Structure formats: structure tokens, C-alpha cells
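Going by the order they are written in, the chains are A, B, C and D; count residues from 1 in each one.
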Amino acid sequence: MSAHVLELKDVTMQFGGVVAVDSLSLAVDEGEIVALIGPNGAGKTTAFNVVTGVYPPTNGEVRFHDRVIVSNRPRGKMKKLYAGSSRGVYTASVAPSPDRITKLGIARTFQNIRLFKDLTVLENVLIAKHMNIKAGLFSAVFRLNAKEERQMRESALALLKIVGLEDARDEVASSLPYGKQRHLEIARALATEPKLLLLDEPAAGMNPQETDELTAFIRRIKEDFHLTVFMIEHHMNLVMEISDRIYVIDFGKQIAEGTPAQVQDNPVVIAAYLGVEEA
Amino acid sequence: MKKRLMVLFALLLCVAMLAAACAPASAGTDKVIKIGVFEPQSGQNGGGGFQEVLGIRYAKEVYPTVEINGETYRIELVEADNKSDKTEAVSAAQSLVSAGCKVIIGSYGSGVSIAAGEIFLDNKVPAIGASCTNPQVTLGNDYYFRVCFLDPFQGTVMANYASQAGAKSAAVITELGDDYSSGLGTFFKDAFVKLGGTVAAEEQFQTNQTDFKAILTNVKAANPDVIFAPSSIATAPLIIKQARELGITATIMAGDTWENSSIIENAGKDAEGIVFSTFFDDAQPATAEAQKFVPGFKKYLTDNKQSDIIPAVSALGYDAYLAAINAIKSANSTDSTAIRDALTKVSFEGVTGSISFDENGDAKKDMAFIKTVQDGQFKFLKTVTVAK
Amino acid sequence: MKTKKSTKRICSVLAFAALLAFLYLLDPNSMTMKLLQKGAILAVVAASMNLLNGFTGLFSLGQAGFMSIGAYITALLTIPVKSLDGVYYAGGMSEGIRAFKMAMEAGPAWLTSVYPFLALILGGVAAALVAALIGIPVLRLKSDYLAIATLGVSEIIRAVVSSPQMEKITNGSYGLNKIPNFPEMFGGAVPSKVTPFLIAAVCIALMVLLINSSYGRAFKAIREDETAAEAMGVNLFKHKEMAFVISSFFTGVGGGLLAMYLRSIDAKTFSIALTYDILLIIVIGGIGSMTGSVLSAFLVTVSKEGFLRFFDETLTIGGWQVPLFRAGFRMVIFSILLMAVVLFYRRGIMGTKEFSWDAVFGLPGWFKRKFGRKAARGGDGR
Amino acid sequence: MSMTTILQHCLTGISLGGAYALIAIGYTMVYGILRLINFAHGEIFMMAGYFMIFCMSSMPYFVAIPVVILVTVALGVAIERAAYKPLRTAPRMSIMISAIGVSYLLQNLATYLFTAIPRGYPEIPFLKQTFHIKDVSASLVTFLTPVLTIVIVVLLMLLINHTKIGMAMRAVSKDFETSQLMGIKINSVISVTFVIGSALAAVGSILYFTDRMSVTPFSGTLPGLKCFVAAVFGGIGSIPGAVVGGFLIGITETILVALGYSTFSDAFTFILLIVMLLFLPTGLFGEKSTDKV
């Protein structure tokens, strides 16, 4: 079998006494759209943050194309907790800063939109392009990299065209309508030329019609950019319609996994969601 | 929109200011000659500076005009506050020069004088320092003169006094980053050691430091006969009071800055018995000029609602003014270069003794007055003479 | 109406020529000249502080310290050998440096002509190096911790400079003087009075180029949202350090220029108050606008030391002495002004806007609208 | 160094530390709640000094002291209302600038009103009576300062841990927004914080200046910064921390000066700060907080 694009093994994230993610293991394969769902506070975003290197996990490792990108060994109390347990204990300690992970080809969006508010739409995308700039400081300051700069602008504009923001290029990001801001955030993520795209509740706060547009949009970019998509989402119809597989977690633990159909009639999932689900 | 308004406002202001600034500085009519007063009237040395200004103003009342080849010229004083701050000193000095002053008097505090010296030199306008005692002021500056003695001299004087008073060991306390304090301290040390004394303790403190307990504790441990603590009038009372509180009984000595009533006010009874050197004492009018100056200036002080103790710096300010007009007379022209040349040759009876300048432009003085505080009054002790 | 590019070019050239002509005509020893020179110097420092605080969002209060490094290095290198003994009259000077200076002065003509500029650059470089070292630990700190730490750094630098241990080099308490004035450029083609303006112009131009480059965008991204910037592949530490070092370099150069302007410096000159004055400038100018910083640098200097002096002098109108007017009043006014700006015009003169001819040409039209004359013809630039 | 000298130094250090501790508490409380370095705190302390001078000139000390405390509190609260409240929603930087602006203003105002020449601090008779234990000599205040500090801190801790307002304060410092939602009157809590902080600053200034006898417009600046460092050192937000920090800085400073490194006595404080922030960013007693993404 081909190596997974993304693989989490026994990832545990503990804040003080709270175990936000509890030895979570999952895998995402080439070209899939996988959704991670679960009630509020189930630890979905935390999982994302571990993958993107915002927090080093308490234990466990994350592999990207079979290469360990994040890994940590249990320390202090946790050691005892893991002593003699069947769960894997990881001795390597790999904790790269988020920008390194982005460079590897994992891009993300944020639950609460995090655009560069006072900068223009174009600038927002250009910043993502800065990552693999070749020109050094000197040549950048003296504009010796005019060609590179032009290319950056062109590809940025191309992206804006795709998300339908090319007319708004010079507007300030914060002045865009909510839906557009989501699109811009995705465009910005795409600008880092990722292989894997992590979407954190892309449809949050969207009306059904906008949601449908988004669904189509995600499909389209997945094809155009040969992406693998891993998303957190609450809108069930979006999730069910778009995703190939679904992981359900509750209280940091995985409680179900499978195709939308399977998950839908899984009693555990229903139990977990009863009264909690808001979509 | 508001922003736009601000921009416009700003631009207009700029233009207005430039226009104002560019307006030709009135070069003075042929009947008036301008003398610049370059003194701190605010900031750390504001107090002392003002006393110096008073002396100069009074001098102008006494000699309001000067004869230049037959014509009487009215003298006009132009004052600029240098805020005892080097960065401000440059522009203040420049403002005087631009105002067309032919001679400049000042400043209290050597630092600002040194900074301004370059400006006066560039513009070939002679300056006469009243109480700036640091060697640097006149050194290598042909346009700077001064009517007071120098720190090396002052340091030696105090060292002599100390050893004459039978002191064998001394503690020296100086302010870090302050040329006056550190300089005077060094010169005292050298002289005192030459005279066979020992320096028991050397302590430094920071500008604006208010707690001298730790330093003084060390001093107390060293148990010297005298403490030499040249410092600004800001820190003087602190040192005195805290020393006494720690039970230090040694005589505390310092330089000319300490002749300022604010020290007595702040240090109260603890100030009793401090000793310092100064340039002038109204009880000992050395010259005819002085005899005429003392009563006149006392009256002037009371008219201006000041205490009628004559501060030495006022006397020096007066002398600096005299030097200026004498030079103008003998130069017999309003050309500042000519006045400068004349200054090198002048010799006259001032309030603080007969004054003439050596090749550095320093007054040839060999006598200092030692004063102390008794019953909350400054009191003349003796004069000390040191052959240069 | 958008103005044609050519028109703008012409305007810029004309404006620049006019300024230059004005400077050339101005008497080098006039008050105006001195104030403008100081303004230009402060403009450089303010711009570099803005690069850090306004564009990268790092609230640093270390300016005075880095200025002192630049100033001391420049002074050390440029003080002519003949006046060294006079300057170091108390402690004497380290022989190594003296020897080096002698060698330099003995050097060929071309060397002596560029030497002052080398001194300035070295001053900047020294400041930058110190910044680079300090940045490694300090830049890990966030907002106000960073502020207080950098403020501490500047105090530490000041302590070291004035310490007796450094006396042979920095002349400890006595400070350095006999510093030569601004040098001429291009064999006198540019008289010394104009030099500071040219240098300032170059420095500021460089900074503007930087913030408009791709790296500048990365800086802004960090200002806007560190987490997002990192998620977009911007290496936080690298870029923060970059901004800190570059800013410190120009601050150092500014310090060097200040030394040439003052002609005599000591550790006291570079106290926290100096940093606050520069902060005042960038706040009034608008944090995040280079134009603003430059504009208000001149505005503040000229008003503070030029035409507002009268606040400090006792003013009597027709025998009646105006109250309040006495020494110190000027500074009170300025601090009140600062508070007013902070509280009511938080964006300062320019906000984050930069100068553009469009805006200028827009002004009349905008005026019409502003003061409700007839319907505006020809709107403003945007 | 003889025994008595060492004792004398210890005494100086401890009493200095006591005064620092009192000021540091003001910083730590304000920071704990507003996440703002109240740069003006040092100046409030300085102004309290001047208030005392004027009060004592017209009334006996037992009247003057409470009056001074009241006036200082008024000043502190006024500053909060005028300079910080309007900026509550503004970005962090502008609030800090506002704080710096206030201290700049107070300093210049003091220079303008009272000139830069130091004013002698009035002597409070019973505080100034000097003791001589063998060669060690010091005034009552020197002994009193640390004692008083401890007492005040204990009272403060009781207030914070066992009263409603104290609970509110703790809540606000834990989470500003949430506690607001929980119906805590943020503004009154903040005011109370400033009241306590300024009051302590006033007490601190009385002890500090009685021991050092003169006030200048700049007397506040350095103690202010040092006390902030003390607060950081002890762990911002933690009152016992601030006290420990205060004493520690006071004592180390004295030791350095005693050893003849007065040049670096101030610098050292900041070196301490930087080192602390690097290796123990939350200070001695501060608790860790992870910023949410």
C-alpha cells in the first residue's frame, strides 16, 4: 500500500489536567477529502494545532509522506501514565516551528479567520508567496529580483482570480464580506503551494447557499491543485456530501471512523451528538 | 478626512515656521550692540544659571552703554536658555549667534559651554565663560575665555585646605557621567596625594540617585578625616543629610557649586560645617569695583525679591560682562573678531579681583575663597592661594 | 481623477530640486539650518524606530542605547588625533585606538575624504551587531516585556559607556568632544551643511524600499498576526531579528550624525528621555507611516526648539505678565499634546498612509467638499 | 569589610527592598488585571512625595499622612479614568504609549511646578529618631519599613483571598472577557486595583523619602522601573512574588554599590530582568498561560 499523506500516531495533547487529545491515531491518503468531526471541545482544532506545530504534543508522532514531522516523548507525570502501557511511546523529540511545516507542504486555515486585516487582499496572498523567495534581502531591497517579484504577483493574481477576488485585489482584507474573507484565507493557504490542505471549519457561519458554493469550490481546488484535504466541519450536509472518509472524536478520543454512510448510522456517534450537535 | 485635515495643518505649520525662521535676524541698528547671555534657566542647573544671569543683568544696568570711536552704543542683552542640556545647547547657542550677538557670556555648567564652544568658534563670535570651571571649555578654542578659575586649581585649593586643616585621609565621592564632579574629584585626589594625604575611599554614584546609604556606609568604614564630594546642588543635601544620619562626623567638602542657599534650606542643620571653595565673598571686597558692587547688587537682589546673599556666580557674571565691554572699548569696533583679539589683551579690575587672560583664554587667578556654613549662613573662612 | 505618472515624476523632481536649492541658499550658521539638520537626524531615528514599532509590531524602547553606540564609535573615529590629549585630559586614551587613528589620518587623500562616512557606517554596524546579539534572547519576548527589556538594554549600554572601566575608550564621565562637523561630499560639490540631509534622505529611502519589498510585507504580516504569519511560512525569529538589526543599524547611523551635530557627547545625552522624545515623534507622525515620522520629526524639532521657545520665557503684554509662561512650560505643552494625540487622534498625522501626489492634488477638491462650498469638481486622489 | 559595615548594608538593603516591594505590588496588581505596565506608577510615587511636602507645611503629620494617601489615590484613579479607560479596546501598544505619555506628562509637570531643584522632604519626628546599636546607626523608619511592608501585604492577601471584591479581582485577572460576562463590574474592579496600588505607592513614598530626605521630578523614574522588574521577577500578578522581588532587588542593589560597582547597580537590575524572562518567563510565583490559537 502507498504511504499515507498524513498519519497521526497516538497523538496526545495535555494542558495541565485537561487531556484535549487522547492518543489519537488516524491517516489521510493521497487525493482524499477526509473530515474530522465531533462535538464542540472534542479537541479537533487542538489536533490541527499539533499537526501544524503550534503545540508540541505530549506524546505521539505525526508523519507526512511517511516522514516524521512532529514527535514527542512523554515527560514527567506522563511517563508514569505510559509506563507499561500497550500504547506506543515515542523517544524522538521533533518540534519544528509552524513555518517549517508549512514549507513541507501543509497549509491551513483558521477557525476564527486570521487574515492580515489591515493589508490589501493582494498583499495577503503575496505574503504566503514570500516563503520560497530566492532573492536575498539586498537584492529584494534594490529590486534586483524584479522578475521574481513579477512572477509572485502573477501567481498571486491567478489565485485571486480562482477565488473570484481579482477585482478586490487592492481592498483592505478586513473590508471584505465574511464569505469572501473565508475564500481569501483559502487562497492565501493555496499560495504556499501545499500538498495537504487543512481547513478548520471553512463553512462556519455560512448560509446553506454559500455552503453549497463552498462545497463546489473545495472540490474544484482539490482537482486543480491535486490536493489532499483534511477538514474540521460542523455542517453535516457539507461533510456528508464532500468527504470520502470521516473520523469522529469525542473528548479527544476517536469514537468512529468510516464513510459518511457508515458514520451516519453509527449509534456511538449519534449518542455523542445527541443534544450537542448544532448543525 | 480628519487625517487629511491634520496633514494639511502640519504642512501649513511647517511652512509658517520656515517662513518665520527665515526672516532675517535683525542685525541690530548701528547704535545698538548685542551681547548674548547663554545660561541655563531651567533643568538641572537652572537655579545657578539664573543667579549668574542676575549678575549680568545688574552689570548692564550699571554700564548700559559703550563708546566705540566717538559714538555711544546702547548695549542690548539677548538671553537664551540652554536647559542645562547639550542637545538644546547647540540650538540655543545658534539662536544667539543668529540674533547677531557680538559677544556671548556663559554658561553655568561646563558641559553645555563645551558643546556651544564649537558653534561660537564656527561663527567667530567670542564667548566669555563666567563660572564654567572645566579645562575643556577654553582648551583648543581660541574664541572661548573665562573669568573664573579652573577645576585643577580648585581641586588643588581644596586639597591644600584639607591638609592645612590637618586631614591625613580623605574619601572622594563623585557622580558618574558628570564631567564637573568626576574632574574635580580627580584633581583633588592627585593634589591631596601629592601633599602626602591618603585617599581612604573612592565612591561613585549615578545621576539622579537618591540613596547614598551604601556608599556612605563604605566611607564610614574607611573612616576618613574629610569627605570631598563635588556634586550638583541637587545631590548635595542628600549626601550631607544621609552622611550625618549614618553618624559620619568627618568634614564634608566640595567645589563652587555648593554655594547655593538651597543646600542650606534642604540640608538644614546638617549643613553646618560643610566647606567649599568659591570665587568671591562679599565680606572681603578685594577691589574698588567690588566695594561699589556689593551694596548696589544687594539692593538689586532685594528689588528682584531674591535673598540678599550675593552668590559668587553673580559676581562672575558681572565680571564677564565687564570683560566684554572692556574688550569692545579697546577693540573700538563692533566686529566680533576684533573684540576677540582685544579680549586676549584686556586687563581690568573686576569684582573677583584683577582679570586678564592667559594664552588659553583663562583668567590668571591664583586665589580662591573658602567658605563654610554656620548658623544657617554662608560664612567666609579664609582665602587660599596657589601659585600656578 | 488619477494623476498621470509623468506628472507625478515631474512634481517629485521639482519638489526635490526646490528643497535642495533652499538648502543650498540657506546660511549654514542660521538657526533654521541647525534646526532642520537636527530634524533630519531625528527623522532617520524616528523612521528606524517606526520600522520596528510601526511595521514589524515590535515595541522596542532601546533607541537611545543604539544611538549612543553609533555616536560613540563615530566620535571615536573622527576626533582628530591632535586634539585627543585635550579630550582625554583626565584618564588618557588607549594607545591601540590612538595608533589606529594615526594610521588612518596618515592614509591617502581618498581615504581621509571618505573616512567620516566610514565612521558613520561603522557606527551603524556596531549598533547592528549589538542588536543582533541582544535580539537572540530578547526578541523571544512579547509586546510589553519586549519594551521593558529593550529599555533595560539601553540603560545597560549607557552604564557600560559611562563606566570607569571603559574610561580609556569612551572617556567615561567626561564624554567626547572636539568632534568634527558634518563632512563635505563629492569633493565639496555638497557642502557640509547639506550632507546630513543627503545621508538622512538615503537612509530613509532605503527603509522605504525595504518595507515595500517582499521582506517588508513579511514584517507587516508579523505585525498583523504572528500565528497566521507563521502558518504562511514566515519564519518569525528570522524576520524579527532582521527588522531589529536593520532598525538598529539606522539608529546607529542617526546617533553618529547626532554626534557630528552636537560636536560633543556624553552618556547623559542618551538617556531614556531621548527615546521618549523619538516615541513622541512617531506617535504624532502616525505609527506605521514613514512620511508621518519624517514630517513630525521636523515639525516637533522646529516647534520644540524653535518657535515655541517663547513658552519658556516670561511674557509680558502691556505690563501685564502672562501667567504660566516660565521655564518648563514648553515641555508640559508637549506632553499634553502627546496625550491628546494618543487619546483622540490615535492614528497621528498620517495614520498608516504614505505621501502620494494623488492625495496632494486631491486636497483642493477635498477642501471644497470639506467646507461645503459648491459641489466638488475633481474629487480627491483615491 | 567589618561586621558593623555588613550589618549596616543589610539594614539599608532590607529597608530599600521594603519600599520597592510596596511599589512593586502596585505594578503587579495593575498588570495582573489590565495586562498593562503602568509606566506612570513611578511618577505617582514621586508626586506622592511632593504632596507630602505641601501637606506637612500646613498640617501635623498624623493629619498629613492620610491626606497624602487620599490625594495620591485620587491621582491614580484619575489617571486610570483619563488615560487608560478610553483605550480599553485599543491595541496593546497605544495603551502602553498612553502610560508612557502620562509619566512623561507628570515628570514635566513636576519640573514645571516645583523646578528640577530637589525639595527637602519634611521630617516626621517619630520616624526620624535615630538609633545607635554599637556602630550601626539608623532611623526608626529604616527598621519600620520592612515590618510595615510585611503587615500590609498580609492584610492585602486577606482582602484578596477572603472578600468579594478580592474574588472579583482574581476572576478578572484570570480571564477579562469571561468575568465580564459573569456580570463582574470590570471598571469598579479596575478602579479598586488602582486605589490599592496608589495607596501603597503613597505609603511606599513616605517610607522611601523619609529615609532619603529629598524629592526631585525624576525620583520616581528609576525606582519605578526597578519595581516593575521586581514584579516580573516575582511573577507578574502574584503579590508575594512582588514582595520577594522587591526585597531581592533592593538587597542586590545595595550589595553591588557596597562592592563599588555602583555603575552597574541599575544595569544589573535589567540584566536580572532579561535573564529571568528567558529562563523563567512566568517569574517565581506566576502561573503559566498558553495563548489560544
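The definition used in the following text is that contacts are C-beta pairs under 8 Å (C-beta built on N, C-alpha and C of every residue); 3 or more make two chains touch, one makes a residue touch a chain.
Computed from a predicted model, the values in this text were never measured in an experiment.
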If you take the chains that touch chain B and keep only those that also touch chain C, what is left?
D
For chain D, which other chain has the most distant CA centre?
A
Of the chains shown, whose Cα mean is nearest the mean of all protein Cα atoms?
C
By number of C-beta contact pairs, the top two chains
B-C
Computed distance of Cα centres, chain C from chain A, in Å
43
Would you mind pulling out the distance in Å between where the CA atoms of chain B average out and where those of chain D do?
38
Nearest whole angstrom, what separates the Cα centre of chain A from the Cα centre of chain B?
72
Rounded to the nearest whole Å, what is the centre-to-centre distance of chain C and chain D, using the mean of the C-alpha atoms as each centre?
33
Multi-chain touching residues of chain D, meaning two or more other chains, are 111, 115, 221, 263, 266, 293
Could you check chain A for residues that touch two or more other chains and list them?
54, 110
What are the residue numbers in chain C that touch two or more other chains?
162-164, 227, 327-328
If we count contacts the way the header does, which residues on chain C are in touch with chain D in the complex?
53, 57, 59, 137-138, 140-141, 143-145, 147-149, 151-153, 155-156, 158-160, 162-165, 227, 272, 276, 279-280, 283, 287, 326-329, 331-332, 334-336, 338-339, 342-343, 346
Counting only contacts in the complex, chain D reaches chain B at residues 1-2, 4-5, 8-9, 12-13, 16, 111, 115-120, 130, 132, 135, 137-139, 211-214, 216, 218-219, 221-222, 253-254, 257-258, 260, 262-263, 265-266
Residue numbers of chain A touching chain C in their complex, please.
52, 54, 97-99, 102-103, 107-108, 110, 114-119, 123, 126-133, 135, 137, 140-143, 145, 149, 152, 188-189, 191-192
Sites on chain D touched by chain C in the complex:
35-37, 82-83, 86-87, 90, 92-94, 96-98, 100-102, 104-105, 107-109, 111-112, 115, 221, 225, 228-229, 232, 263-264, 266-267, 269-271, 273-274, 277-278, 281, 293
Touching chain B in the complex: which residues of chain C?
26, 29-32, 34-35, 38, 83, 86-87, 89-90, 162-164, 172-175, 177-178, 181, 258, 261-269, 274, 295-296, 298-299, 302-303, 305-307, 309, 312-313, 327-328, 345, 347-351, 353, 359, 363, 366, 370, 380
